[in-house]
């Protein structure tokens, strides 16, 4: 376990982190400060132009890294860019890696914020999860998408999806293996899964499959939203689940399928009628301070919740 | 031990770093790799199960590594089978047949081949090979293109320069005398290659192939991009399979707890596979030095 | 072709016919058969490596069932000339042969002639013993096998006969298949190489300093062997060792380097004559040890 | 006879065909990337910041590749060359030498993903550094050091024994001999070894996924020379996605629109860099050889 090893060398590690963070945070040699100030205006203009989003009310200097959910990544990345564009003396590195990465790494202190599609309690041992503080910053949704060659299927029910995805006990194949059984062309269904450890897969399993196990034996498994999108766009008869933002960026490459008659849209998600959605969590180890706190506060502020979040196809937290 | 002068001590220290790194690496991987059994109490025999059901939320959690081990070996062996004739043929060409001008092209070309990063091969496989297999060989069962064969072909290309350059060295090491002797007996060039050069270089070529296999077993990203990553025992070249390395890259970042420990166990298994190859290479080398 | 230089111009300093004619004048002295047909012939042969002329304008005849020795200082092109008889020069990039090389009156460089065919009739024994890294038996059987001989009994016969001819049979007969050719001593290895050549049933055996890597006793054995082999074969031997040339050969050709660093044939005569009363001053100087 | 000759001709033809095929594949790969890149490539791509939503650029990751290369080499070269000197000059045959050699062979066959896991556990988690260029460089060192040590050893071993004997006969000490007689002659070989090792840093991705990080900070301020400041592009204590990792990442995390173009152009840049490296090293090796032998 990573955690035990980390604990053992804990004291040393914390000392090192503090040292590095301290040096990093307080470092502003006169020369660097001058240059930074000079480029601040340009950078701010640049950033604002790029995101069209106002920066935070007050800047905090420093450097933080967030990692985790690739579904949340576009949002946090854009927010981070908007923040650092306005505050040139801060650095916010946004990494993907997956929800488990985010949770594990924030627990280890490797990053300051861990982004996750699922709660820490569902991923970590209770003793570890209790060290983390949850910040729900947004609501995110996923769209069931199929290859564009699958015509005539615009909506599927949860039951149909279960029959396509889940293995009846003792069976090695799902009940429905051909699109013609759900009103589509005579074409075998190719399931494309995310890794079993992914938050997207966990949410889909919980919300749509009622916890039934996927038939992974004959399915493809792809690493991330991006890889899934590529695979679905290429593979005839394929079906998978991707985040709203990834769908919006690839509308012409994959075909969206409504769930129980409800289209996957920000409005439907915000109103609560679209069920394939989950809260976006950002975890810190203990209460946040400094730039971490400032950034989390910024994420809850109007420019993000009212402007950026809808523009990137997430839903705001009321 | 005699007293060491300063330069000797310093250079020795540098060399010892290599041993230290190996000991540390072995220690770490072994330590983390056995956590699955020691801490989580999973029986060692369970890793030989064909069922990979690591999700703690599902019932019947089973950490069977057989699909990954079998997949790794399967992908690797087919890659070697595809790559060996090409690379040994190319090495023979460069060593025995090529006129000077052709050698001047082939040699730097091999170096460039070695230099192309594996992600580039993976990307090529994903954008060209996978669709190609699906479109043109769909009738053979390549429903998606992501397949055992796709992984093996990408790997075959990647290990080609490795096998080529090592077997080239083996061919060049065969004394020119041997070839002349054969030719002077009135054999054709091919007879000389077939009956003198190839047998004399056989252990060198075998070593080259094992080196290629080692590299194939360890490659992660390129394979993961084209193989489909289905945790099943490989049965058809046209179906998706998975390997130890690709499962590690897929799950390492997201898996926690016992699941995470199982991934480290996969790392340990990989390490044991490469250890076996190193011993095999040493054994081959010993055979050669005795001959 | 250029105007003839080398051999012809040099011998022209004495009003005598060609060297071969001299030999034929004294059959009773040498025991040579003046009517023996010519086995190998080089006529105005020049050999170049790229731009460099290695040997120029060599003309000589080797009669059947005799031994001819090539002697001369290092780099004079003896081996180069030797190797044009079995077209082994073809293997050197950039090597080009001009003039005419004949085996039994046929041009071995004619476009229709394959090197492989020439080499089956003309065997070559190398300076350093070079047995294959396989058993003694396989070494000897190598040539016949490649030439299509499959029958085990016949192969056994060929191996035994060749090893006997090479005077090696008694020393190796007990571990023909057990021992590697490389496990033999240097002299044995060289005799194995000779046996290997004999097994292909050649008509001519070329030997390129076959004893230079051997000790005196092994050398002696090889020399005895050459004496026995000339009954059935035509032999050309390149040697640095003048006593060896004197001991084993019937005729001797002396080569040297010209001003232009290209080798040429100075004189060819029966061996006794070359070592006792050579026609050319250069030859005299060389055989008497004054240069070379 | 005829069959034998036919077999010879056939075999020759097959070997030619194999060679032509392989070279054509290589040419096709390079041509593919060049052709695919031309429509979208601009010089700005080399310097601009990456973007999730538009084509962006690879400025920072290119810088990171170079930075990681230099950092890794700073760590690897002194140890590798000194270790090579030990193996070539001091080590006799013995258990220690055997252990070092076995370690070399073992590490060079350990999958890079396993080395990456090791680096993650040690340099990321245990040290508490998080994902840093330094952690990545140390990880790369772990599996480049044995290679460099081996190559330097070989280069030093090829120096003729006469050179050593001559120096020792003049009364020089062993170290003086190594320093002034052996090393100067071995330098071209050692440099070739260094370049070969360096080439692997460019291409490595799997070992860096879990060590140097996947994020690409933007807005590098090159006047910030504070090496401990994670904002400084010069600092080893910062995330450093290299070009190879970036290609993998853009496939898996890119938002979609320009993934193809970005990955193709990045691959082309990577291949061109590797090519340049190769040619450069040949040229450098040749020049050094002439320089040394001319002395």
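Note that the chains take the letters A, B, C and D in the order they are written out, and that residue 1 is the start of every chain.
Definition applied: contacts are C-beta pairs under 8 Å (C-beta built on N, C-alpha and C of every residue); 3 or more make two chains touch, one makes a residue touch a chain.
Everything quoted here is computed from the prediction, not taken from an experiment.
*Asks:* Tell me, which chains sit next to both chain A and chain B?
*Replies:* Touching chain A as well as chain B, we find D.
*Asks:* Just grab the chain with the largest centre-to-centre distance to chain C, centres being mean Cα coordinates.
*Replies:* Centroid comparison gives A as the farthest chain from chain C.
*Asks:* Counting C-beta pairs in contact, which chain pair has more, B-D or A-D?
*Replies:* Counting C-beta pairs in contact for B-D and A-D gives the edge to B-D.
*Asks:* Could you put a whole-Å number on the gap between the CA centroids of chain B and chain D?
*Replies:* 19
*Asks:* What is the distance in Å between the mean C-alpha positions of chain A and chain D?
*Replies:* 34
*Asks:* If you average the CA atoms of chain A and of chain C, how far apart do the two points sit, in angstrom?
*Replies:* Their C-alpha centroids are separated by 83 Å.
*Asks:* With centres defined as the mean C-alpha position, give me the chain B-chain C separation in Å.
*Replies:* 51
*Asks:* When you check chain B against every other chain, which residues touch at least two of them?
*Replies:* Residues 32, 126, 188, 191, 225, 249, 253 of chain B each touch two or more of the other chains.
*Asks:* Which positions in chain A are in touch with at least two other chains?
*Replies:* 2, 5, 97, 223, 227, 230
*Asks:* What are the residue numbers in chain C that touch two or more other chains?
*Replies:* 116-117, 146-147
*Asks:* Taking all chains into account, which pairs touch?
*Replies:* A-B, A-D, B-C, B-D, C-D
*Asks:* Show which residues of chain C lie in contact with chain B when the two form their complex.
*Replies:* It is residues 86, 88, 91, 93, 115-117, 119-121, 123-124, 126, 128, 130-134, 142-143, 145-147, 193, 196-197, 200 of chain C that touch chain B.
*Asks:* Could you pull out which chain B residues touch chain A in their complex?
*Replies:* 32, 35, 39, 52-55, 57-58, 126, 130-131, 134, 143-146, 224-225, 228-232, 239-240, 242, 249-251, 253-257, 259-261
*Asks:* In the complex of these two chains, what residues of chain B are touching chain D?
*Replies:* Where chain B meets chain D, its residues are 5-8, 10-19, 21-22, 24-26, 28-29, 32, 85-86, 89-90, 92-94, 96-98, 102, 105-106, 108-109, 111-120, 122-124, 126-128, 157, 160, 188-191, 193-194, 214, 217-221, 225, 245, 248-249, 252-253, 264, 267, 270-271, 274-275, 277-278, 281-282.
*Asks:* With touch defined as at the start, can you tell me which chain C residues reach chain D in the complex?
*Replies:* The contact residues of chain C facing chain D are 114, 116-117, 146-148.
*Asks:* Contact residues on chain A for chain D in the complex?
*Replies:* For chain A paired with chain D, touching residues are 2, 5-6, 9, 12-14, 16-17, 20, 23-24, 27, 29, 31-32, 35-36, 39, 43, 63, 65, 67, 70, 73-74, 77-78, 81, 84, 88-91, 93-97, 105, 108-111, 223-227, 229-230, 245-246, 249-250, 253.
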